[in-house]
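Structures given as structure tokens follow.
Two complexes follow with chain A in common, the first pairing it with chain B and the second with chain C.
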Partner chain A sequence: MKRLAMIAATSAAALTASPLHAEPLKIGIIESLSGAQTSTGRLYANAVKYGVDRINEAGGFNGEPVVVTEYDNAGGAPDAADKFRNAVADGVDIIFQGASSAIAGQLTEDVRKHNLRNPGDEVIFINLGGEAMELTGEKCQFYHFRYTTTAPMRVNALVGAMKESGDLGTKVYSINQNYSWGQDMQAAAAAAAADGGYTVVDEVLHDVNKIQDFAPFVARISSAAPDTVFTGNWSNDLLLLMKAAGDAGLDVTFATAFLDQPGNIANAGKTAIGHYIANNYDNAATDGKFAEDYKTATGHYPIFVEGHSAFALGALQQALGTVDFGGGDIDVTKIALALENTTYETPLGPVSVRKEDHQTIRPVVVSKVVENPKYPADETNMGFETVKVIAGEDAIYPVQDSCKMERPAE
Partner chain B sequence: MMTMRNLLLLAVALALLVIVPPFLGLGWQNMLVNVLIASLFALAFNLLIGQAGLLSFGHAAYFGVGAFAALHLMRAIEGGLPFPTPLVPLAGAAAGLLIGLIAGYFATMRSGVYFALVTLAIAELFHSLAPQLEGVFGGESGISSMRMPWNGIVFGSMLEVYYLTLAWVLVCGLALWAYTRTPFGRLTLALRDNEQRVRFLGYSAHTAKVIIFTVSAMLTAVAGSLQAISIETANYSLFASNVSAQVVLQTFVGGSTVFFGPVIGATAFTLFSFLVSDLTRSWVFYQGLIFVLVMLYVPTGIGGVIQHHIHNRRQLDWRNMAGHYVLAFVGALLLTAGVVFLTETVAVLFGEDYAMVRHNAEGGLPPFELFGASWNPTGLLTWLLPIVLLIGGGALLIRARRRISTIWDRKGPSNATATEPLLAGGAK
Partner chain C sequence: MEFAIISTLNGVTYGLLLFMVSAGLTLIFGMMGVLNFAHASFYMMGAYVAYAVSSVFGFWVGILVAPIVVGLAGMAVERFLLPRVHAHGHAHELLLTFGLALIIEELIKIFFGDFPVNYQMPAELRFSAFEVFGATYPFYRLFIGAVAVVMFAALWVLLTRTRTGIVVRAAERLPAMAEALGHNIPIVFMFVFGTGAALAGLAGAVAGAFYPTNPNMALELGVIVFVVVVVGGLGSLKGSLLASLMIGLFSSFAVGLDWSLANLLGVVGLGDWARSVGGLLTLELSSISATIPFALMLIVLLVRPAGLMGERN
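Our next item is the complex of A and B:
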């Protein structure tokens, strides 16, 4: 048995022994790369890779190219926790993830515990798409950075822009999916009522991605006779809702958050025209230079979440430019501190990190579906036309009281 | 029937499980924890299908219940409750016992397909209720906690978690094994083979089934709480149908007629996902393919085949057969290589990266990189290679299988168990 232990010990040592050269920065993408959310997970992974390629083109970091590894979380939080450990075993320094708030919640907790238990060997989590308020509220922590909007940012932008263009009206209906994101959207729509000069005539929360026929909901909306319907619905829940409203001939404007998800415009058809969306990025809102660059590198214009995810990498690249480990050990905490102090100029305006809760202060784009736009969506003749770009400082909301962040000793 | 040799084998396996992990990397330690948890889950599940002949399609319910119960206890410990961390799975066991008793009472009123449907419905009930009940299940983000130190053990490192998991899995596994040896365990087998007869013998079949179901749910819940201890969170996705399906796949691939079959299946699947899931996006496809092939050609699973060979080891002409087995193995290897090559080629050619390359080449078909070599999509070799591999491997396998079959037939009728397992070569 002693010999066996010896063999095991020597082979383990051989496995862990590393050649002597500069430590590369390791990035892990823990995304939904198989299962129902694959298409969205793929887009996040694309954008991260695009951003890392830019960093490496500019000479990498710490004297080495930045290494990217993809981990498939199969769309589930337990799998994500498992993949997080694999990533840690591989020595990953920064983790990126976007599809699903539940997984973001899992990862931020995993990162927090890992950092507590392994001081000096920390990991940063850059959240590209988990919009649940609790991630910068109850669960807020120093090593989590949210490079996307949240419900109040989207709703406030929609209310401001739609009011200006005269499409908002005075009666608002709110229909959302019954989980934290939908509840956040509902609360945000109610909170913005006074500023928007409207009343919320009714609020509905429904099951997530289980409803096949939205006709009963549309009948309820119809009887309340609103001017605008606010919804945070995504995927089928948005598509079927809009189709049912179109079939019933309902004359309302939809104010949405995820109308730009690939396939939505093509599937909704003409029903989609005139409806609004507030999101992080839209090609039409820029001078088009970034969009062309992205197309040259990847073969297509940035769609859905790709634009703002690439900007997160841009911010990281800028932050990395301010730290120098001289080819030695990478101190992740220093990178996190640099990221806090980074203001990155996107084509839409500056993106900076709010130190109290690590929510980014970022511009929000409000667009409207029109025919023959500059950048058609889903190979149709429809697409988005920019109504207004709301600057970061106007879109941001106060820090939540529940956020009590423990900062590392400096 | 535990012979000296079996005992020795078991002792060696145990010693390896105890001694080796400290020398492994973090990733492998984590993988081993997953293997242990999946093994216990599959063993508990197999109590129903393998022993009692009840196919449950909703065991995720009890796994999830165990995880949540353990987490609530862990949160209480975090809040100052003086309870030893290593005993946290007891909370899972208690919750699994209770829920299993209630669910089992209703589910076991029926057998066969109706039983499967009821269990499926119960799991689905949990899956749809959990996100709504914020207080208990923490909404869609779930609840989380942290392992608290106990008696100087911090439970911060993976290794400590591994040994805790190992201890629980061994105790539960042994208990399950011992259970199959008791008179009641024998009665369970009788239920599977002829329920009516059990009733005529004066036993209450329903009561017996409720007890089995409850034991299975309880041990499943222990597996769930071990996972909760390991990953320190749980959310409603634990109740999802793919969790229930996974354990069914593992058990059947491993072999439900052999006690250790589910362990083999669980180990194979966990190892496969650990090694392959980050290498290729097609890993779920391969996993499905393996399941279909096992069900078609080895319905008794890997464990069944191994057991069959062990039972007949003395009657078989091994010297004659070994060559054919090697040949069959080579054939299977070639066939696998062909399938993997084709799948990966298709994945590359229809993938986004290649679409980009094509775009840059203005619609042409430039060569692509695969397995460290460059391949031309219109080249003869690119398509000839997998075809040769498939045909060559297939021919080799069929030939070897026929030979093996003849040798088995020559041996005469098997003296193995009543549940005659089929051989890989299809010895019928």
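Our next item is the complex of A and C:
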């Protein structure tokens, strides 16, 4: 009996004693690192790594450096689902992804199902770039956090800033890609018509990144004679559209969401000058301190999606600072709850999470392409000049009715 | 009228660009029976070589050097890679060229980066040719079209009116007999393949300055080029030209037309019902304009499996 008690006592001691190696926090980047969207996927991965390095410089988490692993989803949802299973098998706690709403839609569903089936072993999904409304609408769930804008935030910011500077006009044309994001942009442009004091003269949706020749679309826009063209197009669809408009001598202002994608300004050339963009971050809108830090660490100023993605990691770092597992097991739900209560100060203003749908309330920057800016783009003499920074509470839109979030029992 | 004229202009020039890229593909298939999946990659390679060369020696040197470099690359593929799998049949050749396409794409990314490069047409070509209904028409579009027309004429004359053309056609029809008459068939095939690749390289060098030169350009044009070749009839140069023009014109006209099934049903008084149902019935033609080539391919394959001008099934 005495021996049994001894064994019980020693094994209890062994169980409670802190292990030699604490459990590290594992981060997985499931991104498009090969295939057509490599250029964007690589930038998201850069920014996540930059953010994780900051966390590790400050001593890591739970007594260990944070571990980060890249998984290549090759730009497709089925591959992303595969890589998510890999990541789970590797014990990943938090996954990051940005390029493509379709992949984000796949991942958020996979995360939701995984968390239902594996209580106590949850995974958080931090969405850096999937802007489809449904991700915080029908598909909204507790473990998904969106650290980027959506179509209404961008369009409302553009309408407000362009109206103030007198570049909006009264006739607006809307051309977008025919999938969730493009449809959201088209709906947002139509919804903002009354506030902006314009009429939408025509709207068109087209196939996504399949069209080589935009001249016919430009001919159609030209016959409607708009003042401003709203477009959520990205990658080739934006570049070809702007080139075709420039070649045809079309005199309109483009109001865009992704004009800062690398290569766009250089390829569009002088055609790009005077056009607008609304996005999460622009170097010119800040005091430049973060931009210099980023350059010191990575060798270049933050471009395109890198800035706002790095801020998501900043918010995570701040949230991690408020939880302490004493070197023991990591409770992902506690991290998610901490993230909900985190307000992170970016160089542009605070970013906080709206608890009802986990959309972040965040500032939006409206900029315009000019010559000789402070931060030239693509090694040209053109770049972005800040027109206006819209504060988070002014940019945000109401929670969608379709979001019914189930919260974990507390 | 305005709509028709502008759409025709745009459609014809885009069609000629498609022909320029598909000419080499159809040549290689028609003469050698090799379905080259890496063809659009040669097109991309042409654009990148022209970009690299033109940034040092100027635009015109780039246009000259690109087809030569790409043609040599094509010859190397025909000489060193294809013979190894030839004995195993078409499927293996297809797989080899498919793998080659993937490798070329990733190599381009390693050397030139993931983003579009700044390959621009020279300033002396950047002017508007004329003005149609208030919109200027870029001269460079006409230049692309002109290059395509010259290419077609040169190929046609070469194949049907010269001694070289006779040898090439003989090598395709009766290789053993041609060989017995003292012609070096492997060399002929190597040059045919090289010429096909060089044509794609030239197309890339010319078009890359108008459309952006990026690592996805092969992917974007690759599928449509196959559609052109299938619709035109595998191996038929005239068929490719006809199919390219049809696809260019159809895509161009479709964009301006807001036709939907609902409008059609409106003719018989069912318009409101169709709009209330939505979905497919209200889908506008313009939103699926990029799908039209594939619909065309489907119809042609159903009616004429050999393609518009194809000779064999």
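By definition in this document, the second predicted complex is superposed on the first by the 390 of 410 C-alpha atoms of A that agree within 3 Å, B and C clash if a C-alpha of one lies under 4 Å from a C-alpha of the other, contacts with A are read in each partner's own complex, and residues count from 1 in each chain.
One rule holds in what follows: a contact is a pair of C-beta atoms (placed from the backbone, for glycine too) under 8 Å apart; a residue touches a chain by one contact, two chains touch by 3 or more.
Note that the structure is predicted; figures quoted are calculated from it, not measured.
J.: Is A:239 touching anything from chain B or chain C once the two structures are fitted on A? First, second, both or neither.
T.: Second partner only, chain C.
J.: Check whether A:192 is in contact with chain B, with chain C, with both or with neither, and answer first, second, both or neither.
T.: neither
J.: Which of the two partners, first being chain B and second being chain C, lies in contact with A:34: first, second, both, or neither?
T.: both
J.: Determine, under the contact definition given at the top, whether A:207 touches first (chain B), second (chain C), both, or neither.
T.: In the superposed model, A:207 contacts both chain B and chain C.
J.: Considering only touches as defined above, state whether A:109 meets chain B (first), chain C (second), both or neither.
T.: The first partner, chain B, only.
J.: When the two structures are overlaid on chain A, which partner does A:266 contact: first (chain B), second (chain C), both, or neither?
T.: In the superposed model, A:266 contacts chain C only, not chain B.
J.: Looking at A:89 after the superposition, I want to know if it touches chain B, chain C, both of them or none. Which is it: first, second, both, neither?
T.: A:89 sits against chain B, while chain C stays out of touch.
J.: Which partner does A:162 reach: the first (chain B), the second (chain C), both, or neither?
T.: It touches nothing on chain B or chain C.
J.: For A:249, select first, second, both or neither according to whether it touches chain B, chain C, the two together, or no partner.
T.: Touch status of A:249: second partner only.
J.: Both chain B and chain C contact which residues of chain A?
T.: Shared contact residues on chain A: 34, 42, 178, 207, 210.
J.: Quick one: which bits of chain A touch chain C in the complex? Just the residue numbers, please.
T.: 34, 36, 38-39, 42, 178, 204-207, 209-213, 215-220, 222-223, 235-236, 239-240, 243, 247-250, 262-264, 266-267, 269, 378-380
J.: For chain B, which residues count as touching chain A in their complex?
T.: 15-16, 19-20, 23-28, 30, 34, 128, 131-132, 139-142, 144, 146, 156-158, 227, 231-235, 237-238, 240, 242, 274, 277-278, 281, 283-284, 352, 355-356, 359-360
J.: Considering the complex alone, what residue numbers of chain C touch chain A?
T.: 2-3, 6-7, 10-11, 13-14, 17, 106, 109, 114-118, 120, 128, 134-138, 140-141, 210-212, 214-216, 219-221, 224, 248, 251-256, 284, 286-291
J.: Using the touch definition from the top, list the residues of chain A that touch chain B in their complex.
T.: 1, 4-5, 8-9, 11-12, 15-16, 33-34, 42, 46, 69-72, 74, 76-78, 81-83, 85-86, 88-90, 101-102, 105-106, 109-110, 113, 117, 132, 134, 178-180, 207-208, 210, 298-299
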